[in-house]
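Both complexes below contain chain A, partnered by chain B and then by chain C.
Up next, the complex of A and B:
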């Protein structure tokens, strides 16, 4: 199945094409792939993050489906 | 000859063409602010000055000297709980403001209950992991309440890089998303207050039914 993945802020550097930016890229995944498996395969750092699928908040163990739009946002400190 | 022969420049400006229904709507509104530091203390004052009637102020900390360069506190308030010190100042601005003070460090177990009565929640904490906890907990358990978060307000990059955007349905984000205070960027009152103003204005727009782009 194919899933669009958008990585925000400094996570954009982890897009496999090396081009950066928050524009989503299409990923071919195994059926029943989870958000956590995508995070692991991209090698994202173990830092605080917020995950959305199709514009709704999602949890990392959630299973992805064909055509899903995954977005991962990492807040940074300061307030 | 006087440059202002009629004295017009010395008269007070006309009152803005105000809308009583709009003001009534704000006066009946309740905003919860988690964190009363540089973002939260200044956003609270802006919300009250704009007419919001009720605030819940949540912070576990006390005022320190190092806060005075950007937070709405005064030297004679050092050592006092931030919630109490801020309330004292806010009531000087708006004596009939309805304030709820919570001197507490929020956790994922109690945050929903603490902010549940509010119409809008402003996240104004310092730590990235607490920002993530607040967003993950509220967006999961209370997605109907709009949440305004902040990320990326440190340093000396342009103030124009601080923006408000609607990341998803009920999650609004203020900042440049990248300027991390832990990467050696100092916090300047000018840029922190830009972000605080963005958070306060986003809350006002949400309360009045304006969508953010």
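Up next, the complex of A and C:
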């Protein structure tokens, strides 16, 4: 299945193509792939993260589905 | 002991008062509230002689407490009609604290409405009022230059200034506070306090603290140890240690758009296709490409360093930030995806002395009403600048989103208690809707920043799309925020404080070591409740009821894409937020 993955702030440097930026990249994944498996394959740093799937909060063990948009942020805030 | 400095603009007298013994734990927002509660009749005309403008540092200002130098400015608001505390960074709180001034009260009103004054407080404690009529109509930036020309070259001073919008009594006028480089770019922006300053004929306050060092502590060693632990907590947390210094507040743009909570084109959508073009990551890249510096503190003693300057293509200073709220208000909310255009609008507001949140919301409402097209930043700037004429739609715009929206017959005007909503849509971030609806301040995100748990996974997680748990979340955060505002702490310390127990402990340890009085964790929370109790009682006397603690009705019926949601927190939950008030009022002897 294919899933769009967007990485934000300094996590953008972990896009496999090395081009950075926040634009989503299409990932071809095994059926039943989890968010955690994507994070592991990207090699994201071991720190708290904020994860959305299709604009809603998601947990890292959650299974992804065809056409999902996965967005991952490091700890950020403002106001 | 610190004293209250009173400046009476009716007879131009300046006097000093002792701080009442009952207020020995009050500073910042607590003391501005206590003074307004005591002195200003709830039915007073906000622009009349009975209103008071109260300016106060926190107890920790002027010490080495990290992020302890916020400034509270209070009055009865000409925008909301209720009590107001507007909170600013910049250098002035340090200056007042160094001079032993717990609060500065500006009362009365000059007989000559065209007279303009500067109040000067010198480092030796002497004070004076000078006529500065020649500065009428001067913007905050040329005013800063004019003030500088009057000061000795080796002076160290801060300035609190009022732009033309405040002189013209615009209900969205804010008060500028100088930053460490002297730029008038930090603001007590919300609630029209610039109009209160203007009504009193006050153009500028200059505070010199040249040669005055750090304020002594009751127990210096204990204070140094506690403040060191507090600094470590701020620097170790991902938000205050990395995210904010690297990207500034505008790092929120992409995440709010992702979550469907970024109000776009006058609150008609929760995502903006141009979010990344105006977000914190792109902002950082552009500033660095142009040779600017991407982070600094807005005041001495800040260890978070979330401020930045926007520079033009030649690398020259244009304005601060823009901060997230401004990048949103003139950006996504007006359909504008260009940071240079947003910076020009921010600079115009900074010079005129206007609240960027209210102005962005008002321009978007005006666009909705057909005065300009969404996305047309040049038309937005022309409309904003046209207010200086004193007539027409531009001047009405300066009175806020409700004023211009009502004239144009716009259906969706995003205000509570007449004040425009900030950069989070309450339909997809339900907790902030509780804060907008119930806070004493009119729609205000900082009053109880539920974005923490709703979006950012700080201090726990509460589903932003569900009504469950939002009232409790908002209530607890409103109490904690009132406490932080009353110590002079920057509310961005809340991010580590919510996650790191040692950070909260360090706050009351710093308070005890600095003051020599007992400050327990309960004392801190009681302080927050007392502040909110004074505000609730004042607003009730000014005529506010439960009906004022509501979002506009359309937020319950007009679905917000992309989640297609409406606001669903019950009225019963909204009315539970201040359930502690009767008990706290009784304990305070207030009714």
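Convention: the second predicted complex is superposed on the first by the 75 of 79 C-alpha atoms of A that agree within 3 Å, B and C clash if a C-alpha of one lies under 4 Å from a C-alpha of the other, contacts with A are read in each partner's own complex, and residues count from 1 in each chain.
In this text, contacts are C-beta pairs under 8 Å (C-beta built on N, C-alpha and C of every residue); 3 or more make two chains touch, one makes a residue touch a chain.
Here the structure is a predicted model, which is why all the values come from computation and not from measurement.
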item: Which superposed partner A:14 touches (first chain B, second chain C, both, neither); value: neither
item: Touching partner for A:47 - first (chain B), second (chain C), both, neither; value: both
item: Contacts of A:76 with chain B and chain C, given as first, second, both or neither; value: both
item: Chain B/chain C common contact set on chain A; value: 8-10, 47-48, 50, 52, 55-57, 71, 73-79
item: Touching residues (chain side chain C, partner chain A) in the complex; value: 237-239, 242-244, 246-252, 254-255, 258-260, 271, 276, 279-281, 306, 323-325, 445-446, 449, 451-452, 455-458, 461, 463-465, 491-492, 495, 562-563
item: Chain A residues within the chain B interface of the complex; value: 8-10, 47-50, 52, 55-57, 59, 71, 73-79
item: Footprint of chain C on chain A - complex, ascending; value: 6, 8-10, 12, 22-23, 47-48, 50, 52, 55-57, 71, 73-79
item: Footprint of chain A on chain B - complex, ascending; value: 35, 37-40, 124-129, 131-133, 135-136, 139-140, 143, 149-154, 167-169, 171, 173, 175, 177-183, 185, 187, 192
